[in-house]
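Each of the next two complexes has chain A plus one other chain: chain B in the first, chain C in the second.
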Partner chain A sequence: MSMVAGSQGPDGLEPIDRTVRKQVVPHGVLGMLLFVLTEIMLFAGMISAFTIAKASAPIWPPPGQPRLPVEATALNSVVLLASGVALILAHRAFHKGNRSAMLRPMWVALALGSIFVVVQGYEWVRLLGEGLTLFSSTYGAFFYLIVGVHAVHAFGAIGLLAMATTRLQNGYLTPGFFGATEIFWFFVVGVWPIVYGVVYL
Partner chain B sequence: MAELIPTQPDPGHEDDHHHGEQSFVSKYLLSTDHKVIAMQYMFTGMAMALIGGFMAYAFRMQLAFPGMDVPFFGIVTPANYVALVTNHGAIMIFWVAMPVLIAAFGNYLIPLMVGCDDMVFPKINRLSYQVFLVSAIVLLSSFFVEGGGFGGAWTTYPPLSAKAEYNLTPLGSSLFIGAVGIEFIAFLLGGINFITTAMNSRAPGMKLYDIPMVIWMIVIASILFMVSVGPLLAGAIMLIFDQQLHTAFYDPNRGGDPVLWQHLFWFFGHPEVYVVLLPAVGITAEIITVFSRKKLFAYRTVLNTAIGTGVLSFCVWAHHQFISGIDPRMANVFTLTTLLISIPIAEMMFVYIATLYGGAIRLTTPMLWALAFIFEFLIGGVTGIFLGASGADIYMHDTYFVLAHFHYTFFPIAIIGTYAGVTYWFPKMFGKMMSDRLGKLHFWGTIIPFNFIFIPLFFLGAGGQHRRIYDFQNFPALAGEGMQDLRILATVSLVVMLGFQVVFFYNFIISLMRGEKAGKNPWKANTLEWTAESPPPHGNWKVLPTVYRGPYEYSVPGREKDYWPQDEPN
Partner chain C sequence: MMGMRKLACAVMLLCSALLVLFVVPSWAEACAVCGSVQTESTRKAFVGTTAFMTFLPIGMLFLVVGWYIRRTLEKEEQEGRFGDR
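Let's look at the complex of A and B:
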């Protein structure tokens, strides 16, 4: 999937525009924005379904279900948010044209993102052990559904950022590809506080 | 490559992308050319239409002649019947209307009408079709697994769809949902391409209001699709979990809520009807302007109306749930929004009539189809108003009146709109003219029986005949002779209509082989696709066009010719 359709400009970074028209936003950025629009609606669907289930249940959370790790996850959320900050730093460096200063914040974002998913995975294993499963209640089912779908997106974002980092190292990271990566990463980071607020609190 | 686009470097063409000698596989199956992908979508869509039509034939025969050994099918069992009905509906909407109207026309027309050489993401485009093909195969395979195809209606309401104890299709039901989900991924990939290309790759000089209406409509439809599909995907994941892992999202005994699905489904489902409607409305706009030699009346109004309709279409979904136990106060709100949404639709109809008014109308085959679209869709829209009033709908709901209503919307869209588009762009697509005589024969052979199929169904529905019933002989009140005669009339008309489709395929093939050469611009139209060769080569133009004016400058006073192509400097 080459976002830039195999195009490289004289400096190996800027795509040559194949029409005379100037792209208002790079193709990759616009395409990713549209994709994220769908993703936002996917989460909106799950979250509103969850809210309805929660509102119509007599007792919530249902009796006998373990408590979610509110504090540990709050800490983990900070880790994820920090990865977003790291990416903003990379963004600044990119637009100053300082590609070498980008590499470090990119790695930091990647590392923080990975810590986030590993800690989440660990919490899941613990909760499963305590008896919260997909089948134990709609509470459990929604928890694994929403947090699981978010985790899938987090993996996707990590993959994309890793690709961007490789491209950066090889000297052909285009604004389109980097912009698309950023948008997806910020989406994954940005939707998390909402998920946390609705599901955990 | 060099001889095609000498003036510009051509980064869209990648290493695996050779000109000149190509094998069949790389030219037609693995191509990233938007025109080839359009044809893949179109021919797959047409094949699915034949399958969906055959299903309709089988179950309509059962309704007219219960228990009959249907030629080419056999005895239709109750399980067959519900599976056929369910898959017929799903196929016609998701595997015919969407792929042909949005994916095929979108792929073919967007680059050609905005004046660029291909989609901005050609490989994603190719992937889109491949994913779509997989979804069609998954759907059709569901008929051959244990238990057979899913029969719980295309709306897949739980608990019927969620539990194998109820629907008796443990695998078929999940393959059905899975196929729909896979297909949505295909259209998501396609939609991203359509919108990005239309916004970013327009020819120099083409301002937003110079974009042909059909392109705007496909773009708006793609946006509607992308905004509405998320909640349905969420619901579909939950439904497959309920089916296969026995979670309880929709199980009221274990804290779930079956009506939740209805909300997620119809939040998508109603915008979806506009997703397929808008491209057909756009195709009609192109055709009626060309064949009445008039400017489109109120271009900006049409565009704004389409956007407004799109927004409003997110606020009407619960009109499908008036008898699902929703709060009556909520029913009032949705009655209001539903009646409101018929206003923009009516307005578009008036705009089209105003466009035709006083024009130099030429009744070619595509023009006949376009006029038929306006006329037949009107019947669909007007009957929708009856249903939108919740008081009337409580009686009409789930009867053949609803069925006839939406067939008067969908048939004009998916079938009439498609024939309009295919007969209009055939000369561009294949470089040959279609026979007008055969085209008209096919037109009347389709339109007349179509009305004879569905008008009787309005009466049957108003008489209390419910949908999705295998054999009305079990209901004495509905089995009387008068009603059975109407059923037979509908079925016989269907068989006649299906028979006339042979004329179309004959015309298609004979015109491909022996049709008159079309030349670049046989209809003397303004839009950019008519400035390319017929059929356009890979890359579309030697030199990409520049645009100087809007698409509908017909019969401009003081000009010698009655048309003024968008790319002519003056």
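Let's look at the complex of A and C:
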């Protein structure tokens, strides 16, 4: 700080402190962090409602409803987690300043994330064909709501990841944009095991 | 004068609320789901999710604020070090 408290100029007013403050956290990172916190609360609310509905039901899952693909989704979860690992590798390369080394893990993360969404979509089509719809039961309603909201986030995160990869290729990926992308992707990856554990198991 | 009117309004509002509470208690139920708790598992789910929804935001807030303070201190320390040169 360059200013002394209480010092006054010739006009009797305190001089304006023109010290340039260095940014503690990039704006994009802080904004994304706050957004992710609100999204965590959104998922917490849905999971809480699901837990109460599940505990109140005499039999869960309700009889006559198709069973969820537990094994296939477990495998798909591994794919999503692997994309998180790929992004960690990209993060390390970024902080070492080795931008060329981070391109491959970024593409891998993008590809694995896309595979996850496509497989989820395929499972949804299969479940809809078997009669599990948003209106078939509370089970179906909660399933499509919670997993659907996660899928929307996954779509958004893939878009962001694609933008970050393009920027990296063109040589203008900033730490702020990459940090924000990382936070959102890690949120999508991190919340999935909880959703899987609560909804599928 | 205005203060007295405000106080009178507040007292009337309170009396109306109490009247509703005692005359038509079913209208005044604050908890829409408490009456539906019939089993032990549901009760446990309510307690668990209430605790979850209470402590999760508080925990997150502490984590984020703590992280921000740490970053600020690190930054200030760095700036101080460069300033000495």
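To be clear about the criterion, the second predicted complex is superposed on the first by the 182 of 201 C-alpha atoms of A that agree within 3 Å, B and C clash if a C-alpha of one lies under 4 Å from a C-alpha of the other, contacts with A are read in each partner's own complex, and residues count from 1 in each chain.
One rule holds in what follows: a residue touches a chain if its C-beta (ideal position, glycine included) is under 8 Å from a C-beta of that chain, and two chains touch if they have at least 3 such contacts.
Note that the coordinates shown come from a computational prediction; the quantities given were computed from them, not determined experimentally.
**Student:** When the two structures are overlaid on chain A, which partner does A:Thr165 contact: first (chain B), second (chain C), both, or neither?
**Tutor:** A:Thr165 sits against neither chain B nor chain C.
**Student:** Figure out whether A:Gly31 sits in contact with chain B (first) or chain C (second), or with both, or with neither.
**Tutor:** It touches chain B, and chain C stays clear.
**Student:** Just checking: does A:Ala55 make contact with chain B only, chain C only, both, or neither of them? Give me first, second, both or neither.
**Tutor:** The second partner, chain C, only.
**Student:** Identify which of chain B and chain C touches the larger number of residues of chain A.
**Tutor:** B
**Student:** Return first, second, both or neither, reflecting whether A:Gln120 touches chain B, chain C, both chains, or no partner chain.
**Tutor:** neither
**Student:** Could you say whether A:Ile40 touches chain B, chain C, both of them, or neither, answering first, second, both or neither?
**Tutor:** both
**Student:** Overlap the chain B and chain C contact sets on chain A and report the shared residues.
**Tutor:** Correct list for chain A: 24-25, 37, 40-41, 44-45, 48, 52, 56.
**Student:** For chain A, which residues are in contact with chain B within the complex?
**Tutor:** 1-8, 15-16, 18-21, 23-25, 27, 30-31, 34-35, 37-46, 48-49, 52-53, 56-57, 62, 134-135, 137-139, 141-142, 145, 149
**Student:** Where on chain C is chain A touching in the complex?
**Tutor:** 33, 36, 38-39, 41-42, 44-46, 48-49, 52-53, 56-57, 60, 64, 68, 71-72, 75, 79
**Student:** Can you list the residues on chain A that touch chain C in the complex?
**Tutor:** 22, 24-25, 33, 37, 40-41, 44-45, 48, 51-52, 54-56
**Student:** Chain A touches which residues of chain B in the complex?
**Tutor:** Touching chain A: residues 8-12, 14-15, 115-117, 120-124, 127, 188, 191-193, 195-196, 199-204, 223, 226-235, 237-238, 241, 245-249, 254-257, 260, 264, 267, 544, 546 of chain B.
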